[in-house]
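Below is one structure, written out as structure tokens; the observations come after it.
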Amino acid sequence: MNYDAVFDKWHEECGVFGIYDRHLDVARYTYWGLFALQHRGQESAGIAVTNGDDIELAKNMGLLTEAIKELPKLKGHIATGHVRYSTTGSNSPRNIQPLVIHYQDGHMGVAHNGNLTNALAIRRQLEDDGSVFQTTMDSEVIVNLIARSKAATIEDRIVEAVNKIEGAYSIVINTTNALIGIRDPHGYRPLCLGKTEHGYVLASETCALDVIKAEFIRHIEPGEMVIINDEGVRSRIYAPVEKIEKKLCVFEYIYFARSDSNIDGQSVYETRLNMGRELARETKYDADIVMSIPDSGTTAALGYARESGIPFAEGLIKNRYSGRTFIKPNQEERELAVRMKLNAVPEVVAGKRIVLIDDSIVRGTTSGLIVKMLKEAGAKEVYMCISSPAIEYSCHYGIDTSVRKELIAATHTVEQIREYIKADKLHYLTQEGLCRAITNLESHEMCFACFDGDYAVAVPEEQEEGVKYVLE
Amino acid sequence: MNYDAVFDKWHEECGVFGIYDRHLDVARYTYWGLFALQHRGQESAGIAVTNGDDIELAKNMGLLTEAIKELPKLKGHIATGHVRYSTTGSNSPRNIQPLVIHYQDGHMGVAHNGNLTNALAIRRQLEDDGSVFQTTMDSEVIVNLIARSKAATIEDRIVEAVNKIEGAYSIVINTTNALIGIRDPHGYRPLCLGKTEHGYVLASETCALDVIKAEFIRHIEPGEMVIINDEGVRSRIYAPVEKIEKKLCVFEYIYFARSDSNIDGQSVYETRLNMGRELARETKYDADIVMSIPDSGTTAALGYARESGIPFAEGLIKNRYSGRTFIKPNQEERELAVRMKLNAVPEVVAGKRIVLIDDSIVRGTTSGLIVKMLKEAGAKEVYMCISSPAIEYSCHYGIDTSVRKELIAATHTVEQIREYIKADKLHYLTQEGLCRAITNLESHEMCFACFDGDYAVAVPEEQEEGVKYVLE
Amino acid sequence: MNYDAVFDKWHEECGVFGIYDRHLDVARYTYWGLFALQHRGQESAGIAVTNGDDIELAKNMGLLTEAIKELPKLKGHIATGHVRYSTTGSNSPRNIQPLVIHYQDGHMGVAHNGNLTNALAIRRQLEDDGSVFQTTMDSEVIVNLIARSKAATIEDRIVEAVNKIEGAYSIVINTTNALIGIRDPHGYRPLCLGKTEHGYVLASETCALDVIKAEFIRHIEPGEMVIINDEGVRSRIYAPVEKIEKKLCVFEYIYFARSDSNIDGQSVYETRLNMGRELARETKYDADIVMSIPDSGTTAALGYARESGIPFAEGLIKNRYSGRTFIKPNQEERELAVRMKLNAVPEVVAGKRIVLIDDSIVRGTTSGLIVKMLKEAGAKEVYMCISSPAIEYSCHYGIDTSVRKELIAATHTVEQIREYIKADKLHYLTQEGLCRAITNLESHEMCFACFDGDYAVAVPEEQEEGVKYVLE
Amino acid sequence: MNYDAVFDKWHEECGVFGIYDRHLDVARYTYWGLFALQHRGQESAGIAVTNGDDIELAKNMGLLTEAIKELPKLKGHIATGHVRYSTTGSNSPRNIQPLVIHYQDGHMGVAHNGNLTNALAIRRQLEDDGSVFQTTMDSEVIVNLIARSKAATIEDRIVEAVNKIEGAYSIVINTTNALIGIRDPHGYRPLCLGKTEHGYVLASETCALDVIKAEFIRHIEPGEMVIINDEGVRSRIYAPVEKIEKKLCVFEYIYFARSDSNIDGQSVYETRLNMGRELARETKYDADIVMSIPDSGTTAALGYARESGIPFAEGLIKNRYSGRTFIKPNQEERELAVRMKLNAVPEVVAGKRIVLIDDSIVRGTTSGLIVKMLKEAGAKEVYMCISSPAIEYSCHYGIDTSVRKELIAATHTVEQIREYIKADKLHYLTQEGLCRAITNLESHEMCFACFDGDYAVAVPEEQEEGVKYVLE
């Protein structure tokens, strides 16, 4: 996760995709799949394709459509792809995934989504054994573990390697003769399996299956590895049973995933609708309209509207052409930066008591500016409703820990936050309400650590102190 | 207007912006203003700034944020800006606006939105008199008319020039000492006036005033010219009274303008909401949900939902990261191209009778693919409602006339179109319903020519035959 | 002409090329021709191709190979091309030649080499008559004159136009059905005619004929216009006889032209060899070796060596990979800048009395640094010999007049210059010696104005005062 | 070495540079040093700078001035730099040097010039031990060896590593606290040491010292390692005495090095002059002029002229603005490709018996086209003299072995080559003559393997069969 100051949001770091098909142009299909996963990372994109003998890599900084201007020339039948949202300090061209390496058994392309908590310790140990590192990616730690393994088969070597790492990881690998998908024992990050006419697909979200009309088969289980080759798909629970304990990151439902995706059997769209309904039940605000901060709060706002009977309206219009690089407003023009992305519709908001739905508040600054914008457009009252509990703890499975001190909820009460953003009311969805919204998973199957600080995986001390543990 | 094959939409060609302010960095403000007008044109962008002595131009192909990487170095107090959506054949770098020229009275930057119907005739006449042309822009015709005028003042010369041209035009000009705004006698294209603390702003839409927090003053009248200089704003009705007859392009409300803008006293958002309401009244469909094809049909869909009581839902999710250039799907992958932009949410649509709102149908191919997508996601029935009458005629004030033969409504009945797109029902908003939705303008104040073929400005014969009259 | 501070040289502004051939890919041939003329201009390049109906233009900043990455798509049979060395203030993308315009008789591509002395006056007059200008190029003045002419044929219109302009110009024009070449009545800039198997070629220098194996026919005469079309080549003396007076720029022989070219019947290589011989006769220095500052002084150095019997040696080695844009040394690192381009060979120069040949001295700074470099490498004495007379006057036919105050010879005696550059001896070739070196032209057929201030074309007063007369 | 088809030449692969200085902007100095070494490689350039804590790398494809647009931001006191001429198949962006890695002792930047003959064997062995490779560079093999070493100090680890590799290598390394230079036991590739005011410099050639005015100290010896840190320079003979046997690549004198450099105590310029003298003594041709194919044959041609008394002339003019990427002539336009680079001066060559000097013939095609060009320009007879013996064997220390079958001298007698290139006479400098020209080295101190097939380092069988052993 990373933080977008203008929209006051955390962002997921990555999306992964893999395909094994001898009848398709796998590079093209990976491209379409990554296109559908672009919301999971916009900093860089890469595609690796192998035909068993050679492996070719196309990668660059930027959106997929900027990064990949021509598809890898090498025709093959196994491809992996990756889109990345960089964490601070890791946005170097050399850190673009997939990572392609040559080792004793041939070559390998590795793309992963997540964050290892013991990467630094393993890296140091590998260095002590004579490994060299050219990047700061966790993937490089993983491939070194694989290459160092003395196990007999590549499959066993991978198993040996991933059993040494801890943290959040959904990994796709193309070896010389197989496509492999791995999900960590907690299943923090999603990974699903689909079927093409003559082959198989792995993807972070089901929306990437839909775009290429692959048939959804199932979600990969926590601690599971799937091996796809000419003989079909084979599954293997690689992790010791006692270590498997599902802890899907609940932010996939709140914000990260695309709402047309289904994560672990649960429709993201329905979940967000339910969150809105729960918010309505918890607040019972008397208001004239329900609105969202587009686009992420819209589905929850519809849920609130349906449950409460208060009409939904679009009182904030988003500029669809924001572009990625532009001449930045000065620091003092923070308000301008918000107006460049959003504008209030006076005809909608003037004189109204507004229920305003957003999915989260990180620092609060942007929320405050939006409340101000609505008031200036004539809003009578603004009741801010957040479709998640307050974020009080930082995430160790994919976020720069230095952000914690900026989390407004870590240091302010709800009432203090309400005052800071100058809303007339403020309500965060309760953790219970959130759990009710997610109908197909038990509450113990999800990670709520950013709300309650209950980390399933022990965090190294240095991280607790807020020390960045990536090398760069 | 131009046509987007994937979304089956016409596009507006341009947005203009102008500012006169001795206390602001006018280039930066023009940049922010154009940012808000980006929806009116994404092919190129340009900014011209003058300090009275020199004029500097920054322009390039692409989105504003790609085209303008650094703001013009020349500091000045008068700027004009332009974003363009190219018509076929005019997408040459040399046609990027504003056009900057030197002539006997100094220099001039000209940006215009619209299309002249007698441009070719005037161009030929000017050539007969020895003018040379380096571009195919109408702006070049206008500046040559100005330069040729024998009138005493620059203001009178401009008046003489614009009284010779016919068609649709909203023009902003920075001369050496003034910012000038002109709207054609029919007022086809919008233009509004705003106020900064120490100066004035002109813009195609009010959303460009909002982004820089300029105070909205009023809309420029058809046939009006405003002259802004150190003495303030002066207005002049330049056109003969008998020629002034307001004919605002109704597509500004239906599709072109941003919904947070106000065009000629009418809120775009409210108009779209009303269109949906009118559609509900005209159809009275019995259905389970109301949906839109995002983003343009959403407000009308909300209106339909409110009027009918049928719940609004987001059954189609749009990919927010489409990028501008990408590896194109093959021709046969037309369906893939649609899936790259839209995806159905099965949980929302399965088993449902759906009212699907869109703002227009041009060729029908995309509509058919979207209906198919919904049916494949389980929709029981799809009732397509279009928030505008059927487009049966081409537009002569800003569109490539060659498109006419592709207009499905020009050659098919509504029933035939319904069959073609395989919808279960199909309804177009009636022209009367559309007029009712626009509460602040009389029906004779708008142009409906693309629906009824009633062109206020006579069209040269060669155009009627579908001959492109731009040179290039 | 323009000035290169590191090499202390003036540069020619342009090279032109034209071809008429219905059997060749004229765009490709123009590309090769311009490639051979690259030494005449490295700032921008352009190629215009017409098939009679349409005209296509490819142009950009940079060396030909950077500027033209793909050849114009339009296939045609008439092409013009241009390479430019920008004068200060004119290096804008919009000033890249050829200039392509549309006018009453069709279209036209115009490329020209030289500088008009009455451009500003004509421009003002044209503006008074209602012309507008988008560039600051002289070409735009010329095409406006052509378009304004009331003469019956395009040929007569061109004649009427060029009879109004004064100064230096060699022009190539592709009209809709002809390739036209024009040389000014003084013939300041060269222009030659060649033959392909089925057509004809025009070029600034014969080396551009050689590269495409075109057969050299003859040089265009001062005041002559050649018209090439399907009927072959036709010649016309367009200028009044009393105005024709050959005044070829003598710097073409000294420095501008490539030594494998033949200018007006005189081999450039032989001329430079002769200059060296004349220098040897005039100086009779007793020395150990003769050297040049590569590459421009080398041929003259060989001439000096042959005449004097003193051996020629390469005591300064030039870096062949200087590149065009690089991280500039600081101002104080001027010496470094010279060392980046040249290095002395101690084994050659140590202990030697050196005759060092260069073609000119503009400011003297670089000459001084080179003398210093040789002394530091052990040279005993350095006798600087310049293969041209001292440049005391600025050039009005293609140079930024502001340079005059920097001309060291305009303000210093030869002895003072020698002291400034710290050479042990310094000799400039006499004007008589220079004339002897050019065996095929009479001295009155050449312009020596930069040596003696005798300008054949009257210079407008404002220019004499050093006022730049280009608009930009 | 690599092959340039147009100029029929082999090229050196690399140039290296290193600097240790706490008082200079080492990145800038590395930039200037590489600028002077650009002739050794034009495909890519890179600079790594360390301050002991961090290491920063700037690298890209292209000439130095294109590749490095801004110098590394990290200020430090130790830098290494590299320019590369790619061998076929290795021109991937990921293979640009220096290679920067992190390992147990910190970080390291490594740049090397040469080619290992046992790289593949070591690579396989390292892979068996669990190393992974991301590039196909020999440098990556070396750093893995260093990281794997169990020696106590970084210095000892490097020694252990380089004692395992075989072939040609001159290496510069910046560790966290030292700059290290290493030359292989045969000293195939040059490396020299210079002094700045407060530090030291290492470079492939002395011309890189000259550009930054570093004082030349001495050449690094075969089998020597120098360690530069705050305590100064320390030297260590790392290779076993019995393995040290100087075998400098004689092509450094013939063609690779810049003529203003001094390699192992021998002036390159003087050597080339001597080669020409030897050629004159060996041939004693009766001719009218001596010419070279510029630029590489010029110095030898001067030597021939001096020895023989036949005047030197420039009969072939080289286009100085060839650019690196351009629209390629078709295959059938091979002759055009040569004319784009060279043109004959008829006034020099017509009617003459010409001694034409070049440094080598690889395939002979270009030589034949140049002889043809001279004959067409009127040359009476062309006596081709090559300033090196015939290249009959491929080089294993830095060349794509697949070239061997294209070496004309490997399959043709001298007389057959003469016929093929249509010269009237043809003479190759004898190996004895070449040795006489190199006055300061014994013949056994140089490698003549490409002439006589006598390889000092055993070549793996797979290479003998012409199998490329780089992975990619």
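For clarity, chains are labelled A, B, C and D in written order, and residue numbers in each chain start from 1.
The working rule: a residue touches a chain if its C-beta (ideal position, glycine included) is under 8 Å from a C-beta of that chain, and two chains touch if they have at least 3 such contacts.
As the structure is a prediction and not an experimental result, all values here were calculated from the model.
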{"item": "Chains touching both chain A and chain D, listed by label", "value": "none"}
{"item": "Farthest chain relative to chain C (centres taken as mean CA coordinates)", "value": "A"}
{"item": "Whole-Å gap between the CA centroids of chain A and chain B", "value": "37"}
{"item": "Euclidean distance of C-alpha centroids - chain B vs chain C, Å", "value": "49"}
{"item": "Chain centre separation (chain A, chain C; CA means) in Å", "value": "61"}
{"item": "For chain A, residues contacting two or more additional chains", "value": "none"}
{"item": "In contact (per the touch rule at the top): chain pairs", "value": "A-B, A-D, B-C, C-D"}
{"item": "Of chain A, residues touching chain B in the complex", "value": "28, 31-32, 35-36, 38-39, 42, 63-66, 68-71, 207, 210-213, 258-260, 262, 267, 269-270, 295, 298-299, 302, 306, 311-314, 317, 319-327, 329, 336, 339-340, 343-348"}
{"item": "Residues on chain C engaged by chain B in the complex (per definition of touch)", "value": "99-104, 124, 127-134, 143-144, 147-149, 471"}
